[in-house]
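Common to both upcoming complexes is chain A, partnered first by chain B, then by chain C.
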Partner chain A sequence: MNPLDKPFAQLALVLVTVLALPLFLKSGILATEILIFAMVVAACNLLLGYTGLLSFGQGIFFGIGTYVAGIFLTRWSVPVPLVLAGAAILGAATATLVGWLSIRRQGVYFVMLTLAFSQLFYFMAYTFSGVTGGDNGLLGVPRPAIGGNALDGPWSYYTYVAVCFVVIFALLVMVTQSTFGRTLLAIRENEGRAAAIGFPTKLFKIEAFAISGAVTALGGALHAMLIGVAPLSNIEYHTSELILIMTIIGGSSSLFGSVLGAGFYLLLADALSTIWPRWLLLLGLVLVAVALFLQGGLWGLVVRGYDLIFRRDRAPNTSAEEH
Partner chain B sequence: MIYLFQVLNGIGLGMLYFLLAVGLSVVFGLLQFVNFAHGAFYLLGAYLTYDLTTRGFSFWLAMPMATLIVACIAAVIEALLLHRIYKLPHTFHILVTVGLALVIQEMVIIAWGPLGGSVPAPDGLQGVVIWGDFIYPQYRLFTIGLTAVLAGLLWWLLEGTRLGAIVRGGSESPSNMALLGYNTLRINTAVFGFGAGLAGLAGALAAPIRGVEPFMGIEALSVAFVVVVIGGMGSYTGALVAGLLVGVVQSVMTTLWPEGARLMIYIGMALVIALMPRGLLGRA
Partner chain C sequence: MTDIALQTRGLGVKYGNFHALSEVDLQIRRNSVHSIIGPNGAGKTTLFHALTGRVRPSSGRIELDGRDITDTSDDDRVRLGIARSFQVTSLFPNLTLRENLRLAAQGRTPWQALAPWRRAEANAEALDIADGVIDRLALGKVTGRLAGELSHGQQRRLEVGMAMAARPRVILLDEPTSGMGIDDIEVMKDLIRDLGHDHTVLFIEHNMSIVMNISDVVTVMRLGRKLVEGPPAQVRDDPEVQRAYLGNMITGDIA
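So, the complex of A and B:
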């Protein structure tokens, strides 16, 4: 195992990222968005990298979190911590349902089902526009307040999100280090064998889904407060696609890879979308290139670079190492 | 009467879904490869038809040309790129084809703008058919007839010809086929082009009914997924039954609950999966 993959190294990297973003980025909104997506992508990675489930439906949970924040903050002014807890609970509940139905089929059928479910929830949000605001979304979602002051400045809200992010990331690292997390890895490696030993593999997969859904919905709620709107686009197919793309670009073998994936995508989007509105064409080419030349994702690149510099003796066969 | 109208609409729509799903299915059967760019080929077929008809070509020429162009583009993509990634885990199949779908979608927007457009019904089919007090557009009736003929042809092609036997042989054991002297690489390219061509044809036929817009591809992709999840991948009958079912449900719901018609497709799918996890026909 590479020293960078150790839990404390991962946490240290996250702390460095949280402290470094304000030094390098002018826009607090962009920095906050990176942390929110980093959290959401890490939750997707719990499914893809640690359980071997490629979910094309993460946008469902993100959208649900967005609407929980939109509805409870604009209509009833519920306190923010309660809203975040509510988003996480509803996200976990929805993920349990979607996970329970989707894992009835395996492999590519599973992927297709998760994509179809993302369309189901999108059309639900679109159809019941009385609740969700339909195409217009829910406007005027307020930021949280601390000591009576709303966190309206970009960097004050960044701090709020950063605290949530570090806590959630640490929890996810703990999950992956626990017996539960080890069992997920066993399921990823060989489900039949894990089941034969006596693990209820379906239950483990559904639990992984629930955790992932809770974190993703929390991210969705934080996102609605960031942009001040709960938009329909947060529950669209594109959000699911976006989260998955970030996860694979970042690399699915470590949770910090997800932070890299989210950061890379959002910085690229920020730089290119102003220059050329059709920049997604370039993104498509990047995805093809990642599949052909960078299958370990950005994290794989970091690990290879680290080995090249600090562990020359081991550099040639890094890819053959187990995690 | 309105229900008869909607059921006929649903059959027409369902046959288009069937074409889409069979294309996806054939490619998956042979290559064990899920093509997330399938919807993009449908999009391209529709836009090429739109382009050719606005340039003054007759629909009767535009439709086969669009289908052929899509099939050729797909075959070139397969030969240059996709055959390199078959051995990778399916995560990367998805990544590459999602990337391709983005490239195609953005190129469509660059070429024809983000707004979309409409394609008139072809010459000779612009009128309606009248039986007593029942009135039905000729073009929609024509698509039902044409797709039924195509469905028959496809069945014969896949089950009754040497070509079909080669494809089925290839999906069971590529190495044995290679041993028997077949060029499996070339078969793969041809089948991928064929599957994409079916998507292109579905797009070309759908263009006069629903118009064209840049995001129609994603909707088609997810409906095709619903059809193969319910009907079973690699199953011709399953795709036909599930395609028709989805089409009819969607159309009939358009009368009962217009806003929720498309939602009902997915609710229906969720119910099928909850009650019959193996799908309607219980395969795979």
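So, the complex of A and C:
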């Protein structure tokens, strides 16, 4: 195992990222958005990289978190920590349902089912505009307040999100290191054998969905507070696609890869959009390049670079005991 | 308790319209070594699939220690004490050898593994079992190697080890020696005989010298049905068996 994949290395990289973003970025909004998506993409990675499930349904959970924040903060002024907890719980419950129904099929049909649910939830949000605000979304979502002061400055809210992000990331690292996470890897590697040695594999997949859904919904709630709106677009199929793309760009073999994927995508999109209005086209080219030449994603590149610089002396197969 | 560990009555399995297994009645005595032989396509592996719950029987029933397990799921059967190895090696290739066995040992108590805060190392028992199997299979030199990078012989031994790590009462081995070199085959033969002391062993094997030497009972299958059953010497001399094999398969002598 590469030393960079060790849990403490991953946490250190995350801390460095959180501290470095304010130094290098002018926009606190952009920096906050990167952290929110980094969290959400890491949750998608738990499914894709660790369990081998390509879910097109992540936007559902993100959107649900967004609406929980929108509804409970604009109508009833529920305290933010309760709203975040509620978003996570509802996200987990929805993901359990979507996961439970989708994993009944495998491969392409599984992907199709998550896609279908994604459409279903979008149209539900669109139809029940009394609750969700329909096309307009829910306006005037307030930021959290600490000691009576609303975190209206971009960097003060950044700090709030950064704390949430570090905690959630640490929890996800714990999940992947646990006996649960290691069973997920076994299921990804060889589901038939995992079942043959006694693991009820469906239950493990559903739990992975639930955790992923909880984190994604939490991210959605934080996002609504960031932009002050709970928009319909957060539950659109496009959001699912975006999360998946970031996951794949970042590389699915490590959680920190997801942070790279989210950061790379959002920074590139930000830079390109100021250069050329047709920037999505350039982004498309970048994606093609990643898919063709960078199969381990950005994280794969980092690991290869690290090995080149620090581990020249070690032949690839001499990695000794890992436990 | 009865003397019969595992029993089937009228067991049948269909793949579509094809009867891969029909009306199989088996009685496997406790702590015996029972081998299943028969030409390719006889339904031996299919029988294992049905016994372990990988495929649903289309008819008949299966009993473990007198308890009906016909509708029990494959992972539940592991907890009841049935474990198997596969004819085509089926490991977790990108995990280390020790991790493969740790998982197999953990599979007996999978609910523990649902707790996402519990560390794998906290289950010292599973690690001990994994290490015990490693010792018994003499794989101590390669515990940290990825399963996919092991030699064929080592992978075959690990394949059997995966079944042992579940601490089953009934262990099913599907052609454990397939593709092995002569030295490895001898080691495997001793291991199977050894397993018979404290397990009920059911194994499929094409190597007749092993079958004839270490089995208490031999069942011959053909075209999805049980053809003959009995002690090795009796089965070897049975004219029907000779015919089924066209005389060219049973070559091993009783040592």
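Going forward, the second predicted complex is superposed on the first by the 313 of 323 C-alpha atoms of A that agree within 3 Å, B and C clash if a C-alpha of one lies under 4 Å from a C-alpha of the other, contacts with A are read in each partner's own complex, and residues count from 1 in each chain.
Everything below uses one rule, namely that a residue touches a chain if its C-beta (ideal position, glycine included) is under 8 Å from a C-beta of that chain, and two chains touch if they have at least 3 such contacts.
Predicted model, so just to flag it, every value in this text is computed and none were measured.
Trainee: Between chain B (first) and chain C (second), which does A:179 come into contact with in this model arrangement: first, second, both, or neither?
Mentor: second
Trainee: A:311 contacts which: chain B (first), chain C (second), both, neither?
Mentor: Touch partners of A:311: none, neither chain B nor chain C.
Trainee: Let me test your reading of the model: by the given contact rule, A:207 touches which partner, first (chain B), second (chain C), both or neither?
Mentor: second
Trainee: Pick one for A:197: touches chain B only (first), chain C only (second), both, or neither.
Mentor: second
Trainee: Need the overlap of the two footprints on chain A, from chain B and from chain C, as residue ranges.
Mentor: Touching chain B and chain C on chain A: no residues.
Trainee: Which residues of chain A touch chain B once you look at their complex with the stated criterion?
Mentor: My answer: residues 48, 54, 101, 104-105, 107-109, 111-113, 115-117, 119-120, 123-124, 126-127, 237, 241, 244-245, 248, 252, 278, 280-281, 283-288, 290-292, 295.
Trainee: Where on chain C is chain A touching in the complex?
Mentor: Residues 52, 54, 73-75, 78-79, 83-84, 86, 90-96, 98-99, 103-104, 106-108, 110, 112-123, 143-144, 149, 162, 165-166.
Trainee: Would you mind writing out the residues of chain B in touch with chain A in their complex?
Mentor: Residues 28, 34, 81, 84-85, 88, 90-92, 94-96, 98-103, 105-107, 109-110, 218-219, 221-222, 225-226, 228-229, 233, 259-260, 262-263, 266-267, 269-270, 273-274, 277, 284 of chain B touch chain A in their complex.
Trainee: Which bits of chain A are touching chain C when the two form their complex?
Mentor: My answer: residues 174-175, 177-183, 185-186, 189-190, 192-201, 203-204, 207, 211, 317, 319-323.
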